[in-house]
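Naming follows writing order (A, B, C, D, E and F), and every chain is counted from residue 1.
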Amino acid sequence: MKYGARNNIVGTVKSIQRGDIMSLVKFEVTVPAKMASVITTESVDDLKLKVGDTVQLVVKAVHVLPVKEA
Amino acid sequence: MKYGARNNIVGTVKSIQRGDIMSLVKFEVTVPAKMASVITTESVDDLKLKVGDTVQLVVKAVHVLPVKEA
Amino acid sequence: MKYGARNNIVGTVKSIQRGDIMSLVKFEVTVPAKMASVITTESVDDLKLKVGDTVQLVVKAVHVLPVKEA
Amino acid sequence: MKYGARNNIVGTVKSIQRGDIMSLVKFEVTVPAKMASVITTESVDDLKLKVGDTVQLVVKAVHVLPVKEA
Amino acid sequence: MKYGARNNIVGTVKSIQRGDIMSLVKFEVTVPAKMASVITTESVDDLKLKVGDTVQLVVKAVHVLPVKEA
Amino acid sequence: MKYGARNNIVGTVKSIQRGDIMSLVKFEVTVPAKMASVITTESVDDLKLKVGDTVQLVVKAVHVLPVKEA
């Protein structure tokens, strides 16, 4: 399968907290990963982003989609 | 600063592709990271997710928010 | 009303599961629909997407916004 | 593959508009589909949503993830 | 029309920057607005959020959907 | 801190509704705010958006990220 998404990170399930409708699943990522972000060019300039910068990549948990081999 | 998000991953900028409105920024993540996903409890059951499972975490690049110390 | 979104699909409510904070609503879509996706051009190339391809369109339920006539 | 998402719709690519960083891909969905939405329980009450209601399901194109068999 | 979303803010268009595929639209919000956020209960605790706290509400521009009367 | 997001709105917490996994937090925004939206150029044309237009900015609560000074 090929996904139309730039971030495909391999993780291991560490815990599952079941709720009535939504559940919170936690993962450990040990393999070095590549990540990608699409932001406005205006934000690139505002952040003065340049190669070599160290940044924090913040992602709300609702945007993380787990995919498992059937 | 504290973020109301479960994913805070440290990354290093590897490349920046500037576009007219949107830009694509790529990062390398070397530090082992913890990630979290919120999905429906129904999806947890459908995926038969359990502790120890290896999964792929797919995230569209538009959902990744870089934060940089001023 | 006009929406700044490319996907406007007509659906009929089939079930509602109420939770403490979030609820899960299911719909049936019978009318043929048009859908649209914005992805990186890099993803288009990676997927080797071309006219006529059959693909799966995956959308997390938290991104679906129901709108109802008052 | 199993996805931690409630919406998996089969579509056929109708057109691809390539941009510098982002591209817009359009699909035709002919198979009847099931869709799901997660909203606040407060919104369910505000919309007075009930089984049998016809609603519009609005989704921004950036939230639609195409997946293709390799 | 009623939207299954907790944030409905009235804004006036200040500028439009047209790009090949995506455009960036800026708005001025003068009317006092109410906003709402859904985060994990774990994040609420991590942030030690309590009534009266002043916070910054960060939203990526791709998540803002303009709706206009026809 | 600098965020790769175009919307940074100052708000005061008015109420917190704790749920099992997710919580709903409400804010009051009194300061005039600037907002930004990224939509397809096609949507700009469909909406016939122009400077001076009054629109509604709809944002699902799951997309609002509160950030608090530590």
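Please note the rule applied: a residue touches a chain if its C-beta (ideal position, glycine included) is under 8 Å from a C-beta of that chain, and two chains touch if they have at least 3 such contacts.
Since the structure is predicted, the reported quantities are computational estimates derived from the model, not experimental observations.
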item	value
Type of subunit A:subunit C copy interface by residue overlap (half), same or different	different
Subunit B and subunit C, separation of their C-alpha mean positions in angstrom	22
Euclidean distance of C-alpha centroids - subunit E vs subunit F, Å	1
Touching two or more other chains - residue numbers and ranges from subunit A	2-6, 19-24, 36-40, 42-44, 47, 49, 58, 60-63, 65-68
Overall pattern in which the protein chains touch one another (line/ring/star/complete/other)	complete
Interfacial residue positions of subunit C with respect to subunit F in the complex	2-6, 19-22, 36, 38, 62-63, 65
In the complex, subunit C residues that touch subunit E	1-5, 21-22, 38, 65-70
List of subunit C residues in touch with subunit A within their complex	17, 19-24, 37, 39-40, 42-44, 46-47, 49, 58, 60, 62
Residues of subunit A defined as touching subunit B within the complex	3-16, 18-30, 32-41, 43-44, 47-68
In the complex, subunit E residues that touch subunit A	24, 38-40, 42, 60-62
